[in-house]
Structures are given as C-alpha cells and as structure tokens.
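Shared between the two complexes below is chain A, which pairs with chain B and chain C, respectively.
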Partner chain A sequence: MNKSNTVFFKNAPRILSSAAVCGSKESEGIIGSYADITLADDMFGESTYEKAECKMLSSAISLVIEKSGLKEENIDVLLSGDLLNQIISASFAARDFTFPFLGLYSACSTMSESILLGAALVDGGYVKTAVCATGSHFASAERQYRYPLELGCTRPPQAQWTVTGAGGLLLGRSDKGIRVTCGTMGRVCDFGVTDVNNMGAAMAPAAADTIIRHFRDTQTGPEDFDLILTGDLGALGSRIVKDLTWEKGFDISNNHVDCGEIIYKVIESEFQGGSGAGCSATVLNSYILTKMNAGLYKRVLFAATGALLSTVSSGQGESIPCISHAVRLEV
Partner chain B sequence: MTGRTRENYNRNYLNYVKTQDPPTKHLKNCAAAFGVGGLICCIGQFIRYMFMYAGLTGDELAGATSVVLIFIGCFLTGLGVYDRIGRYAGAGSIVPITGFANSVTSPAIEFKTEGWIYGMAAKMFTVAGAIIVFGVFSGVLVGLIYYFI
Partner chain C sequence: MNKSNTVFFKNAPRILSSAAVCGSKESEGIIGSYADITLADDMFGESTYEKAECKMLSSAISLVIEKSGLKEENIDVLLSGDLLNQIISASFAARDFTFPFLGLYSACSTMSESILLGAALVDGGYVKTAVCATGSHFASAERQYRYPLELGCTRPPQAQWTVTGAGGLLLGRSDKGIRVTCGTMGRVCDFGVTDVNNMGAAMAPAAADTIIRHFRDTQTGPEDFDLILTGDLGALGSRIVKDLTWEKGFDISNNHVDCGEIIYKVIESEFQGGSGAGCSATVLNSYILTKMNAGLYKRVLFAATGALLSTVSSGQGESIPCISHAVRLEV
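And then the complex of A and B:
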C-alpha cells in the first residue's frame, strides 16, 4: 500500500496565463474584482442556459490565450470538461477553436484533473502548450441534477449553490510564472453517503485521502504549504476534512481554505457555500493565482473534489463515489 | 479493495456526519408554512366571497375560485416570484392549489428550450405527474373505504 500515486514534473511546467468568467451573484463576492469578465445577466446574451455556459467556457479559453500573448495556432491541446451530460459545454466550446480537444469528466474536480494531465503532457514534451479549463452554470446544473428553477421548493440546510462561472489556465514551458511541480492522482472514495444534498460530507473523505497521500508521497506536511485549497466542500465539508486529516495526524486547520466556502459574500441563502466545476475554476484562476503572482502564497496544494454521481445512480439508491486530484503549485 | 460489499460502509463516518449536520429549523419552517399557507387560503376565501356576491353557487363557485388561484400561481411562477415564496414558506406554498400550478408551470418554462412537443408538453408533468398519480390513487382508496363503511 506504500506505492506512490504522485507524479513529479521534473521540468516543472508553468502557468503562462489564466482567466476567469463569473456570474453576477459570484461577482459580489471575493472573486468579483479579480475575474476578467463578470456577467450582468446570467444568460450571457444567449437563448438557453446551456448555451450561456458554453459561451462562458469559450470566453474563458479565448481570454487565456489572449492574455498569454500567444496565437491560437500555438496552442497544442485543450483539456476540458463540465458537469452537463456528455460534457456538451466543453465539446461545444471546443468547436470554436482549431486546436485538438481532450474531453474530461471528473465532476467538480475537473480543474485539478486537467492541470494534472496538462502538466504531464507538457512535462513529457508531448505538447508545448495546453489549455486547461472548466465551468458550470447554476441554472443548467439545477435543471440536470435537481428541480426546475421556478419550482417553489425549499433547500435543505446542507445544500450548496452551483457556481455560475468558468475558468481556465495555460500551461507551457517558460522561465517565469507559477510552476506545477507535482500532482497526486485521486482514488475513488465512497464512504456510503447517499444524501445528494450533502455533497460536502460525501466528498470530504476523497479530499482527505488525496491530501494525506500527497503529504506521505512527498514527505511533506501541512506546515510546508501556505495554502491547502480544496474545491467545493462547503462549510460543512471543510469541517469534516479538517477532522479526517487531523485523525490521521495532519492538522490542516491553519492553512486550509475551501473555494466553495469563500466564494460567496454571504453564505446564508446558499447555506454551505458554492459548488460545481466552476467554483474551484473561478477562485483558482482569479483570486488565488493573482495572489500567488503577487507573492502572497508561495506554495499551494490545490485539491479539487468531485462527486461522481448521476441522477440515475442516486435515483437507484446508490451512494455517492467521490474523487479528488491534487496538484502542487509553487512560485 | 475488490470484493468489498456495498453494505460494508463506514458506519462510524455516517454517524459522525449526522452529528455535524446543521439542524433543520422545524419550528421556524412550520411557522412560515402556517403563515403563508394560511394567507393563500384567506386569499382563496376572499375570491370565493367575491364570486358569491357575483351570484355563483355550488360547483361553479368552486371551479371559478380554483381557476383564479391557479392563474395566480402560474402568473407568479412566470414572474419568478413563486419560487422565492416557496423557498421561504415550504409546505405552506406547496400544498395549496397554487403549488400544484407552480409544479406544472415551472417545468413547462424550464423545458421550453427543448421544443414545444418533446420539451414543454412532454416534460410539463415531471413533477406534477407524481402528484396526479398518488392523488388519484389515494382518492380511489378513500372512496373504497367510504363505500364499505
């Protein structure tokens, strides 16, 4: 069981640029002044929410390329995914571009999985540049996973709010920028939580598992990181992940931050905070990377978590398998 | 790890999660449901009196009142107000007939983008279908009991 699941990137691919697009509700929070585009209207001028999600993702990808100063023909691959069935947002966004596309599905941890794979491709020299991007939209996720938007039903106190937003970054070889030094591949963890409204509790074991394995594989501890960033555990899940890691002898309570917990200004009506693939994507690509470039954080462990369920599996009474991939970002 | 049965879950973890769960505010929810539900019924009663003054009686009176309430429910759903009332009031706005109107109108609005026939019309009853099936079923059951007593 001591086999390492961590991959080390000897050539340390760097983040050349990043961009984030977020919805109006998200723009009131912490990422508002850091996001590149904030939508005044959640439809983004489109006729459906799915088209809006696709356009957000597509805009984020275009912005990433534009900000890096490279041209579209310099991009070798796009690694992307989203929450909708058959990852339509990512595939449909990819048709706007001429470079190849590798579709990923890892639910809300798509951002860290894409960085992990993108870094591996760049590090191995198989591609020169890779765009990693993902996004989600509250209305389209709500329609797919829950009830129609206008249905007058209550939200349980464990519920989270799917983030409307998209984010992306460009990985490549360079001599400046934030380095991706290693990454730990996630294992699917299922502790038997069946409540689809309690994603934080379902995903926390996966996050704890990956974070602990990362510490063991790299001979580090919580004190070696300025920030341990999880994706969308929410307030409840954050408490649980701190407990679970503490139980194994790692106290992350001082430097753990959860994107879902911090994204909204007031997490009263959103209860436990934000969720969705867009949650970690927008927070990482706007706020966190800006602060890292400014030198506030030197070493960040980014472990986004994803719940690998579908409406069919939860309808059939299956529990929620979850995954978390971690990547280490260093200035 | 293979061969691990699905029943072999981490019971301790699930029990631990239960202790961490934020409590549902039953008393507050009940009060909100009582207040808003009562208000909707009062509005219904007011509409009924209005129709009575206009000279309607019996089935006509009940029908006209329901139609007006259903219209109000649909209209508020269309304006995007009813879901906000529902989030606050819970059962208070789900149980009255306006809640039923909301459960039909909301998927109709939502799935309109998938076409008029297979989208709006076919999926209009995704939520209300269950209400209709169990409504009819319990009606039959109660009717049978009533018949034999």
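And then the complex of A and C:
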C-alpha cells in the first residue's frame, strides 16, 4: 500500500475570477483572444525586462481582484513566485498591495503549487480569499538562465521559448464557480538529465510521477478527466510523459494537453513550444478556465512542472531535479 | 476596525522535534552547545560552498526526522527554501528524500513562513506531519549577493554576517510538545532603504508591522510574551524595531531578542551580528526550543524577517522590500 500524497478539500474552494496578461508573440497564438491584456510591446512601458515582468504580474493580480467584483481590502493573502533570482517579480508586485504575501518558489510549477496551498488555506478557513499568481518574461529569463538576447545565440531544436505573460486567479468560498477539489503534492524527481536546453525531458518524469500518484490516491484513471493538463513539457516532453504513464498502465494520450505545446504553433523538429512559469499561468487562467466555465471541460487535472536548477547548480555539474504539483479542477 | 491577518490553529499542531547544524564560527557562540552538529570545517566535506549549504540542510532534515523517532515514510511533506538563486539548497536537499516538497522563498523569514504554512496544513488535517527547515552559508551568500571571499573586500560596520547553519523542526499532532497556536502573515514593507549593507534598517519596519498587527489581531501586548524573537535584524535593526513599536504604543524593549544579535558576540560599533535564513533557523531550533522545552520561556512570538531584494533589483536602482511572518509558540 502506497502512502497518499493527495490532500482533499472538503469545502471545495471556488475560483472566483481569473486573469491573464500576455506578450506580443503569445497574443498571436491560442490565448490571444482570451487574455485580458495583450502587449504590443513586451517592455510594457518599463525600462528593463525585469520591471516589465513585475508589471505584468502586478497587472494580472489587479485584474483578478477587479474581475471578482471584490476590493483590495477583501483579499486576505497573495501566494506567488516567479523564475527570477529571489522571486523579485512576485515580491515587488506584492509591494503594490496591502494584503499579506506568501512567497513560493517552484519554478514553472508555481501556478499549481500556489493553487494547492491557497486552496488549503481557504478550505481550512484560515483565509477567506487567496490570490494565486505567477508569470515570466522571455528576455529576463534568457539573460538570467542562458545568454543575453543581445548576443544573438542560436537555439537548439529541443529548446523551449519562455512565455512572456502572467496569470492569476482568486480562490474563495462561494456557491458557484469552478471548484478545487483536491491536489497532489509533488516530489523531487531527478532522472539525471543535465542538458539545460532540454527541460521537457528533464521534467516529464516528475509529471508522470505526480499524475500516476494522483490516479492511485484518488482511485481514478485518465478516463475520469476531460483534460490532463501539464504546464510546459513542450512537444518532446509531452511524448515522454505519455510513454512513462503508459508504461505504468495509464494511457493518457487521448486527453493529455500541454500548455507549452498549445500556446504557440509547434512543429516538433523545429520548435518545442512554450515554457516558463507564465506558460501554464496564462493558458490556464485564460483559455482553459474560459472553456471550463462554458462547460466544455468538466474535470481537469492541472499538473504544472518545474525544473529546480540554477546556473550555479548546472555549472557545478549537477543534473536537473524536477517537480510537479497537481490540482484537480471541477465544474 | 483593521482587518485581521492572523490565522489561528484550533488544533494547535505540536513541534515533535527540532535540529540544527552550524558552522565553526557559530559554534563558538551561544548555540554551540545546543546544535546537533557543529562543523570544524565549513566545507562539510564538499567541493563547493553551495554543496556544503545543501548538505547542512539535508542533515538538519534527517536529524529532525531521526530525533522524532519517526521514519522517512511517516513524513508527509517538506516545506523549505533558502537564499540561493532558485533555492537550490532546498530543492537539492529535497531530492534526498521521498516525501513531497513545497518550495518557499521568503529570504531570511523562510523559517517562520514554513512554520506558518506547515502548521496550517497539519492543523487543517491536510497532512499528518510536516518538516519545516531552512539554512544559509556565509561563503555562498557572500559570493552571490556581494563579492567572492577571495576578493578580500572590507565590510562596513553596519554589515551583518550571514550565518553558516541550517535548522528545522517537525510539526504534527500530539498531546505533548510546544504548540503553534497562531501566526500572522507578513506584508511587504518598503521604507525606501537602498543600502544593501544595512539590512537591519531595511527589515525593522516589516518586523514592527507584523508584531503590531499580531498584538492587535490577538488582543495581546508585549507583556503577554516571554520573548519576542526576531530573526536577523542585528544590533541596529533591533534598536529600530523597538523604536518603531514604541511609537505605536507597544514597549517591547524588555522582552525583545534578536537571533542575529545573540548568535555572535556583538559590539554594535564594530559588528551588527548574524543574518541569513540559517540565523533564526539555528537559534530557534537549538537554543530557544531547548529553553522552551525546559519551561524557561512559555510563550514566544517568533517573527523572522526577510529582505526581498536581488542583485538585479539593487542594480536597477530599486529599494529593498522586506517582510516578516510571525508564529506564536506556546508550552
């Protein structure tokens, strides 16, 4: 008998509102007509990429609150994090608001970690409302993790494109809205991948581990979900997660969708798709939740994935530990 | 009427065990005879400072579990974070264990943030046990935030010394042990301080804000606590937090103690004391909890503070946003 790592929310916190802001490249794709703000210029009127990233996140948080019909003083806590060193986008965005802030770091799985913890806080009655939000910016991520754009480096075909965008949602008690019914906490998985240009392959085992544990802990299978939504595995990583879950007896191929694979037009031999904390944050909080609210998807398992490396750990010869937190969303 | 930012734990999760690992300089101070492991060599047998930091944290987590009498399979989740970019110490330490990991970032207030969230998860029945841990290393912090030690830079008198050490505790349900009865979530406070060598002054307003809100939310005052314990304000910051709370009508001067001020011998004109996530983690999880278990302190408000800056934010001319999360510990 395996131990359960799934937490159940008896009072099923609801998603009261959601919002997304996305960059110019992103607005040309599937989320373009669903995002609340689409930027013509990815600098968003700021002087640096990092400040633009922070402004997107802050704007998404403001929009989430505005769309819920609540005021800033009705918000009990913000749970947020991002990819930048010391999560400065989240911390500086939190400075714009008067409510408390709980800083998280889970790389590109921050969106699902924040929903999982936010749902526990609301469900347990510790807070009435919680904003969960994250984001990323292509240019700030490139210069922090890889090379400054100005160098004009060539990108290998297995590389993904960090999404410029931010998204968030508001959790609270209500008798309507999408419910967060349970969540499976991620474990660190490291299969020894060291290629920092191949995050999809590094993260796929973590996604498979969490998805399989969710099925086992809740006695469900792929057929119980309209959508099994991963965060940013990209085209190759998505193939790997399907293989890994299939090997364990779960065929998710019919209902698996990866936010990174759908956010841009993907031809796998040329391009793997989107990545970054903003990838699943924008896709979930615009396209997916709109479809759920319209009744097209009734039950979604959202399992964002994160690669927990740094330039220092890679420089010191370490492989890439990865994680995936999953939450179940139901209409 | 101000809104409450304090969460109450009706079932009062208990501290089942705690452990601390500290470096050579730290072992000469007050925690030397209380820590479980004191290092003769701060490299801890590793090839880099970052790996040594990770090993300290991993050792502290192992010790916490061992001292509780439980096994790894009895642990439901680890809540941890640290100061390094992308919290690699915590992520790589989590790789050593099979239980889930929730990554946090709250700079030097990670210890209290982890207890606050861990207590909510245990109190609400979402998990049975939660390990909360963090740490830091002088040499890895210096080269990431300031200059590599090899440069031999002169330190200004208002600078603090990042503690080499890690500490953690295990929360769970029990009928004995120190109780975590409530916690006040921190808000981001920024008084415009830009001097990265003067963290105490930057963080003191955040500590004062949280301590005062805790008093108001719980209808208590300084006299209700045996100890009001801040994390790493240092000598100057401690003076400032006393002034700021005094201005609002709360005189904490008789029972305020700062972990950073007591961890080393401090002469304020020469040296401000310790800092870093490991500062409050080692002092709380060795010296303070031992005294509480012995009945010397019955009620402690633990309010660790964090400076949410990065080298990038400082380089871009930003001031230092700070935060403090507080938890109340009772015998």
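As a convention for this text, the second predicted complex is superposed on the first by the 325 of 331 C-alpha atoms of A that agree within 3 Å, B and C clash if a C-alpha of one lies under 4 Å from a C-alpha of the other, contacts with A are read in each partner's own complex, and residues count from 1 in each chain.
Definition applied: a contact is a pair of C-beta atoms (placed from the backbone, for glycine too) under 8 Å apart; a residue touches a chain by one contact, two chains touch by 3 or more.
All values derive from a computational prediction rather than experimental measurement.
J.: With the two complexes superposed on chain A, say which partner A:Q316 touches: chain B (first), chain C (second), both, or neither.
T.: A:Q316 sits against chain C, while chain B stays out of touch.
J.: Tell me the contact category for A:L117 with respect to chain B and chain C: first, second, both or neither.
T.: The second partner, chain C, only.
J.: Figure out whether A:N198 sits in contact with chain B (first) or chain C (second), or with both, or with neither.
T.: It touches chain B, and chain C stays clear.
J.: Identify the partner contact of A:R173: answer first if only chain B is touched, second if only chain C is, both if each is, neither if none is.
T.: neither
J.: Among the partners chain B and chain C, which is in contact with a greater number of residues of chain A?
T.: Of chain B and chain C, the partner in contact with more residues of chain A is C.
J.: I'd like to know which partner A:K291 touches here: chain B for first, chain C for second, both or neither.
T.: Neither chain B nor chain C is touched by A:K291.
J.: A:T48 contacts which: chain B (first), chain C (second), both, neither?
T.: The answer is both, since A:T48 touches chain B and chain C.
J.: For A:K128, is the partner it touches chain B (first), chain C (second), both, or none of the two (neither)?
T.: A:K128: touches no partner chain.
J.: A:K67 in the overlay: touching chain B, chain C, both, or neither? Say first, second, both or neither.
T.: Neither partner.
J.: After overlaying the two complexes on chain A, where does the chain B footprint on chain A coincide with the chain C footprint?
T.: Chain A residues touching both partners: 47-48, 50, 190.
J.: Can you name the residues of chain A that touch chain B in the complex?
T.: Residue positions touching the partner: 47-48, 50, 143, 147-158, 190-193, 198, 201, 205, 236, 239-240, 243, 269, 271, 319.
J.: Taking the touch rule as given, give the residues of chain C at its contact with chain A in the complex, in rising order.
T.: 3, 5, 7-8, 47-48, 50-51, 73, 76-77, 81, 83-88, 91-92, 94-95, 97-107, 113, 116-117, 120-121, 123-127, 144, 185-188, 190, 308-313, 316, 318, 321, 323, 325
J.: Per the contact definition, I'd like the list of chain B residues that touch chain A in the complex.
T.: Of all residues in chain B, those touching chain A are 6, 9-11, 13-14, 16-17, 20-25, 29, 77-78, 80, 82-87, 89-90, 93-94, 99, 102-103, 105-107, 109-111, 113, 126-127.
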